[in-house]
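Okay, so chain A shows up in both of these, paired with chain B first and chain C after.
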Partner chain A sequence: MSTLMFEGFPKDLVVGDLADGSVTLTVDAAVYPLEAVYGAAYIFIDRCFVLLDRPKAGSVSVTLTDKKGAADAGALRQMAGEFANELLTQAWRQKIVEENRVLLETVTMQALAGATATPAEPSLDDLANFDFTEEAFDDPLGIAMSWEEKYKKKTPAEVAGEAPAEGAPEGKP
Partner chain B sequence: MIERRFHRDLYPAAALASAVQVYERFARFEVADEGDHQVVRITAKKPERERRIALELGNYALGLTRKEALS
Partner chain C sequence: MLAGIEKPSVTFPAFFRVREVSGSFVVTNAQGDWVVLTAPEFKAFGEGTVERGTDLWDRLKVANLIRSEFDVPAAVARLKKRMKFLENGPNLHMLIVTLRCNETCVYCHASRADMEAVQTDMSAEVAEKSIELALGSPSPFITIEFQGGEPLVNFKVVKHAIEYGQRRALEVGKSIEFTMVSNLALMDEEKLSFLLDHKVQICTSIDGPEHLHDKQRKLIASSAFKAAVHWINRINQAYIERGLDPSLYHVEALLTTTREALSRGREIVDTYKSLGCRALHLRPIDPFGFVEKTASRVEYPREEYLKFYRDTTDYIIELNKKGEQILERYAAIFLTKILNGEDPNFLDIRSPSGAGISAIAYNYDGLVFAGDEARMMHETGDDTFLLGRVGELTYDAMMKHPTIRSLVLASNVNGRPDCVNCAYNPYCGVDGVHTYKTQGSISGRMRESTVSAVHKGIMDYLFEKIRENDPGTMEVFRRWTINRARDHFVQVPG
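Showing the complex of A and B:
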């Protein structure tokens, strides 16, 4: 067994084995939750053989063996670096999910409740019995009135009918 | 014969048993409990084959573990 240390990695945390074509990372469980380790390991199983172990309480070791075999030191270092990056991504994702769990559950519950509830649709009988003569609402300021209705040119008769009321001096009997 | 040790905290017994069941037509398996680990001893016709099956078994057990955790 020819053990190998990699530049840029802590010596006791990342160890390579050239003969086996594998690299072993030791992860502190207090820094990276187990779910993050599982997530990162699962992503790597398409190109590596992954074996997890617990060398001591509070740490997890991850051994990555290249599927193609005969990996050189550079390839092992690359593999370890990519795994470490993926581990960080998974840990961060896990943290975001934990922080937003309540919000996610609330939105999901509301969406499911909305999808399952059956709205009370009016039947044709209800439509036939509906009283259309009733005024929908009062509109004293004429807001709901169309522009044509509000500003149309008035006929002389209409002007004559309004003139005394508008033209009467205010405050006089 | 080759040996692989699977920690109980990391690999549920059901996931490992299912993985062994999948690969038992390629080699002979013996599973034993040793402390915190389940130890799987694999015997095949050639050492290379034993090593390959051991590695594949590890990946398969990890996949089942992850699947179980998500379901």
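Showing the complex of A and C:
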């Protein structure tokens, strides 16, 4: 076993093993939902053997082992990086899909209904009831409003109910 | 903060997305309305200090970007207009009539087979079953596109499919159109007469000037370029002889932009011009078919491609200003969405993308795939997007296939990280099969996607031009958004 650390990654979270051609990432389960870990891990199964584990409460570990067993340090770092980026993408995508459910479902239903000549439910016409202006309050770019302004818009009860978990990206403005 | 905005207003702007392009700010909304603002204008917009009655107020109001003035019916109407393509099921049905090909291309997308590989020919029976499945689409109008390999290699089945398709479309009361993508080297007068008599639209591939084309597309013992040019001229002449308007009816060609092409933009345009082509699609090379194996020879970084795109499109615009009529296809697609608020239904740049819901590929062996890229992946060993087999699969089962539903959901830009924040969201789209191939997932990672980089780069270029507002350029752009239907090729029942 020859343990490897990778430049740019926290050494306690990403560890490689050159002899095995593997890299293990430890993921904080409070930051990334398990579905995102599954989704990100899955994209590696054509190239790697993938093993998920729970080394301790609140953590998930993902070991990616190069199927050919021939990965060098650069290739392992690349795998770790790609996994990390995919994990973020999957986690964020999940949130986006939840938030945009109305639009996504409407368009999907309309597309499938169009393709099978059946009435769509919901259909694009139902978007007349959709509040296009309200979306601005999500302000993904942080331009239209400051965090404080966004915060002020909510009732105290809402704010209490929505306080992000400690360590979550929105927890510290 | 962008443009020095100090105190952003929560009450003035309606929902918007923004992108800084060369010092200006492209602001769009969910429906695809847009304005290009200077930095002070964007600051005023962001801070909500725009005075009613000013030019800026009026421009923002027209673009439905002022919250207090927001016009919901207009927004819904615009969104519906842009998404009209959702109404009618798949209309593009690609029949891969053979994998055999007489040419060998350095980047071959189609995963070709040698000329002896007759087992890769589609049978007449599979062609008929494919057409039956295609006619199950609720779309009142279907296009059957013959592809390969080289479709002329299996002309017997092409002929049969055309005759069968014409008869059956008539019987079920649908309009039908046939197109064929061919390198033309195996064309002869008899085949041409048949194709012309049956109103088949013919399209070819031209990779640029003769030396480049012949270097990339090898034809044993002769010039692939000369063969293609001979038949382009012959077909164009035949259209004129049949009384068709040559400005509308002529052979168009497809370009594959390899590394070597990047330094030859002008020569490529001049070649297309000399052949009478009026459209040039500066497509970058894609990862399907055989290109992976030859990637080191033909691939290139996307910044190089975008420089090529800008320089070449500048040149095309200049030619147009001098009276030539030739458009760049990417620009035409995006401009139609941006300037007209309509989607030209280009399946790879659509949200949701066309794979499955708008385009189906029927392989020579009867296997059915969610689009041609999906079919090419099968040839390289991946059946992720296989929907079933003709004769067994019903149209309804095909459209309700979970693979299609997943692709529709995953390729919606409103469910994709990066795209949800991107100012180009209303005009864009990236095919889920492509992201699966390149990044392992059907939703993809747009920050790392070469397709996203290309789309962003091209739209940056177009919005720079729109901001410059040169009357000559804008007139050219306007012309590029006019889609003249080629009715001659559409065979209407009754």
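Throughout what follows, the second predicted complex is superposed on the first by the 100 of 173 C-alpha atoms of A that agree within 3 Å, B and C clash if a C-alpha of one lies under 4 Å from a C-alpha of the other, contacts with A are read in each partner's own complex, and residues count from 1 in each chain.
Note that in this section a residue touches a chain if its C-beta (ideal position, glycine included) is under 8 Å from a C-beta of that chain, and two chains touch if they have at least 3 such contacts.
Treat the numbers as computed from the prediction; the structure is a model and nothing was measured.
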item: Contacts of A:Leu103 with chain B and chain C, given as first, second, both or neither; value: second
item: Which superposed partner A:Leu124 touches (first chain B, second chain C, both, neither); value: second
item: Touched chain A residues, chain B compared with chain C; value: C
item: Which superposed partner A:Trp92 touches (first chain B, second chain C, both, neither); value: second
item: Which of chain B and chain C A:Ala111 touches, first, second, both or neither; value: second
item: Touching partner for A:Thr24 - first (chain B), second (chain C), both, neither; value: neither
item: Contacts on chain A seen with chain B and repeated with chain C across the two complexes; value: 39, 42
item: Sites on chain B touched by chain A in the complex; value: 4-5, 7, 9-11, 36, 55-56, 58-59, 62-63, 65-66, 69
item: Chain B-facing residues of chain A, complex; value: 34-35, 38-39, 41-42, 45, 49-54, 60, 65
item: Touching residues on chain C, where the partner in the complex is chain A; value: 1-2, 5, 7-10, 13-18, 29-31, 46, 67, 70, 72-73, 75-76, 79-80, 83, 86-90, 137-138, 351-352, 357, 396, 399-400, 404-405, 408-409, 412, 414-417, 420-421, 439-441, 443-445, 447-448
item: Touching residues (chain side chain A, partner chain C) in the complex; value: 39, 42-44, 46, 85-86, 88-90, 92-93, 96-97, 100, 103-104, 107-108, 110-112, 114-117, 124-125, 127-128, 130, 132-137, 140-146, 149-150, 153
